[in-house]
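Structures follow.
You will see two complexes here that share chain A, one where it goes with chain B and one where it goes with chain C.
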Partner chain A sequence: MAFDAVLKMTPAGVAIITLSGELDASVADNFRSEIQKATNQGARRLVLMVKDLSYMASAGLRVLIFAKQKMGSNVDLYVVEPQEAIREVITMTGFTQSVIILDEYNAAEIESV
Partner chain B sequence: MDALTLPGTLDSLTAIREFVGEMGENAGLDRKALYRLKLAVDEIATNIVTHGYEAAGLQGEIVISSRLAPEALTIQLEDTSQEYNPLGLEKPDTLDKPIGERPIGGLGVFLAVRGVDEFRYEHVNGRNLHTFTVKIPSSQSQSS
Partner chain C sequence: MERIDIYPTHEYCGYKLRPGRPYPFGATIVPGGINFSVFSRSANYCVLALYTKGEREPLVEIPFRGMFSKAGSGEPVWGEFRIGNVYTMTVFDLDYENIEYGYRFDGPDGHARRGESGFNRFDPSVVLLDPYAKAIGGRDVWGKEPDWSEPFQHRGRVVYDDFDWEGDRPLEVPLEDLVIYEAHVRSFTRDASSGVRYPGTFAGIREKIPYLKSLGINCIELMPIFEFDEFENSRKDPNSDLWLKLNYWGYSTVGFFAPKAGFAASGRAGDGTMVADELKTLVKELHKNGIEVMLDVVFNHTAEGNENGPLISFRGIDNVTYYILTAEGYYYNFSGTGNTLNCNNPIVRDMVLDSLRYWASEYHIDGFRFDLAAILGRDQWGAPLANPPLLETLAYDPILGKCKLIAEAWDAGGLYQVGSFPAYGRWAEWNGKFRDGIRRFLKGEPGLLGDVAQRLQGSPDLYRGRGPTASINFITAHDGFTLMDQVSYNEKHNWDNLEDNNDGGNDNHSWNCGWEGPSDDYWINALRFQQIKNAATLMLISQGVPMILMGDELGRTQRGNNNTYGHDNELNWQDWTLVEKNAHLLRFFQHMIAFRHAHPMLRNRSHLTNTDYKGTGYADITWHGTRAWQADWSGNVVAFLLSGKHAKGGTVDDDFIYVGINMHWDALPFELPGLPAELQWRIFANTSMTSPEDIWEPGSEPVLQDQHGFTAAGRSIFVLVGK
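Up next, the complex of A and B:
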């Protein structure tokens, strides 16, 4: 399935990016440019909706590193509803200490900055 | 033996994963093992394209082939890019660092090596050979 990344900003400055399809090195720049857009708009928090993301290579992880470096290490980065294999990669690479994984979207927690 | 020749560009990654997917399903790999194998091959193919070909100003092909034996499935990537041994880069010592403080790189090779039962690199007659082997479930008492 083709990769897609769609950014939505809440009035409070929460950047919600919905990812779907297969995220490999050939499309990672599309993801990176959505992150760039979010930071240009002054995002104070980053939320990745990944339920329909079926594959993620390390190129995707590198974009997360980029996001963290761009937004500052105190900005929370949420990953919502990752599929099992993607969750495994996030865990195996030690990213669990830098991102918050949620099993479901929790508006009260996510949208109050 | 099945084989496929593709241009050494990032646009070939989808076809590479589809090839691995088909071979892995034929071999009876479970979902988890198949995902790891796809990821492993994709990561190394990405390195071949970006480091071996593009960064070196070279162009060429990637040949992906598959061999199925009763006890194991072997996938091989063959290319004529710059000699590039990924081993030695496979254990980033920064996995315990917050991601904002990490250097970028090394993760792909780490995932590749961890994703299969055996990973081998050889440079033979000007060609890079990357070989990935996974055991087939029926030959193991317990698949992990």
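Up next, the complex of A and C:
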């Protein structure tokens, strides 16, 4: 499945990016530019909806770090509903310290800034 | 500013190219593509083979010399992508996550085949691994048997080398303050009892950091983690399909720049960058917890074996450069494993240096322990050098400037350099004489006190001028018995190694305490634990740098096997149920390590002087026996007193520390030396007591009722603090 990244901003300043398909080096730049857009629009939280993301390699992990760096280390980065393979990749490599993994979108937690 | 040279000049089968940059060697991601660079002095022809990951047939094979098309116009054009003896080109638009690469080489004369002696071993029918590959595929999941019909077994991969270090840097803990823990990545957490999510991996160690911290060590030394082939010289049980033997420890390097993919939980993703990320995260987390990372590195030989070994990389690229050969073209075998890397050839020396610089800078590694390091001081014909250029280079290298450099100062060719390894003010040594002397002393052998007194002081007889930090003090290491086996077996029991019990050393200086192997006898077991505690005490109160073997703090056994290099099973795996079962032993180690950290007097950078240069009334170290101030050097009973006013050369104040050592079989009364009036003797440890009275938490030592004498049980050690 082709990679796609769609950005939506909530009125509260939460940037929600929905990802689908396979996130590898060839498409990592698309994702990166969505993050850049969110930052430019003053996002205060970043939420990645990844239910339909089937693959993420090291380039994808790097975009997570890129996002974290762009947003500032005190801005929370949520990864919502990852498939098992993606959850594993994030856990094995230790990126769990940079992101918060949620099993479902939790408006109360995410949107209370 | 965009660079003005990011465009292709040539094309080959649809691949866009330009002449590459020779530096750095290896495959490097550059704007728009990947730069390939590989060295051979003897070859005259080279081809780059590119693969889609895991595929049997290459995507394309691009020669470094021949007819190409001009980029854009398509006109035929001659090209040669070589500078000196370096073949280098940049290939554009490659998906670096999904390719693998290798080289074919050919040369002018001699094509010695497998089994034949000879100087050149070019075979253009074989695709070879890049010696500088930063990641290597082909053994991605530990123990998964490879497809042996696959012609390209160890496959170069490209690594994206950025990482979010979050400000991490090597810790630079002074060498004298280290307590080293030698561990094998897989053995540490492979057993189900470890309870970790990813057993036997870098990620598994990460989960056990709280354990390492609670133990108190501040340096973990990992047995080899450079890519190796666990299937080298492997043997399978023909009846059960079980592996009887693997190259489990990994002392046989395939690539000097790539972490062992099978040690990474993420190895199965087949993504070299992810493996690197996992290892870097481990290093970063260990550093956050105050624990340094040292690597056991094997530069003395490679996985290619002798003339009967496989053609993997070096020998097919430049055999005469990489290996020490006899006049007939056979491999010298100073390593005991088939071949010897030609470490003092200038090219190989540079490769070793590049590798270490890479690990120090890219992975933030704090230090290195060099396997069979005496080989690194041999010349290109195998003779020991007085001033070995490689050892000197490493000692003076700017990037390695703060790394610990530790030599296993002997080799399998008979060169034994403990005490005489060329040090250049930098090199420390695994002190084999500490190991042997203390082992014999623990058995109760008399007549060793002169030697033991040297070991306890950081071996000034061996390292005068170099200081105690030249001495890595250990009683056990991966080679040989565990500490529990050291007190449970008189003889090695290596039958599982399938070499008729002929492998492994016979000079174990071990004593089974009265019964060979496990025993139900209360007194035998009590004595064994007492002896283990004696060993731990001697090691941790000695000047120099202590090194603990993984699991010794828990009483780990290898069932009398003293050479478990081939076993992927419980002989090597740490049994974590021992944390509860032998909790008293773990507690003893924890307090003994904490005591060392609490007392700078145990961690001097310079040798003790046996004089009172501070005018305190006490020399920095004084020797005693059952009578205070009177050592009897003839038996196996001795005591020493450290005056805390002389800690760190008299710059730091510490307590008095008195250690009474009774290796006689029966109890003996020790007369204690007097303290300054305002101080009292307090008991810190007494190895003859059962827990919790065998040791006290440092700082909470109770005052001794009798300030003048102490009776030490047979084969026991007691430690007092005066404060």
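We adopt the following convention: the second predicted complex is superposed on the first by the 113 of 113 C-alpha atoms of A that agree within 3 Å, B and C clash if a C-alpha of one lies under 4 Å from a C-alpha of the other, contacts with A are read in each partner's own complex, and residues count from 1 in each chain.
One rule holds for everything that comes next: a contact is a pair of C-beta atoms (placed from the backbone, for glycine too) under 8 Å apart; a residue touches a chain by one contact, two chains touch by 3 or more.
Keep in mind the model is a prediction, meaning the values are calculated, not measured.
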Chain C versus chain B on the shared chain A, clash or fit after superposition: clash
Which of chain B and chain C A:Leu61 touches, first, second, both or neither: both
Touched partner set for A:Asn106, first chain B, second chain C, both or neither: neither
Partner chain in contact with A:Ser33 - chain B first, chain C second, else both or neither: neither
Chain B versus chain C as contact partner of A:Gln41, first or second or both or neither: neither
Which superposed partner A:Val89 touches (first chain B, second chain C, both, neither): both
Touched partner set for A:Glu22, first chain B, second chain C, both or neither: first
Winner by number of chain A residues touched, once chain B and chain C are compared: B
Clash with chain B (superposed arrangement) - responsible stretch of chain C out of 115-123, 151-159 or 331-339: 151-159
Chain B and chain C footprints on chain A, overlapping residues: 24-26, 57-59, 61-62, 65, 68-69, 89, 92-95, 98
Footprint of chain A on chain B - complex, ascending: 10-11, 13-14, 17, 31-32, 35-36, 38-39, 42-43, 46, 49-50, 95-102, 104, 107-108, 110-111, 114
Residues of chain A defined as touching chain C within the complex: 24-26, 57-59, 61-62, 65, 68-69, 89, 91-95, 98
Parts of chain A lying in touch with chain B, wherever the complex brings them together: 22, 24-26, 55, 57-59, 61-62, 64-66, 68-69, 72-73, 84-85, 88-89, 92-95, 97-99
Chain C residues touching chain A - in the complex, by the definition given at the top: 95-98, 160, 162, 164, 197-198, 201, 203, 206, 264-266, 269, 271, 273-274, 277-278, 281-282, 284-285
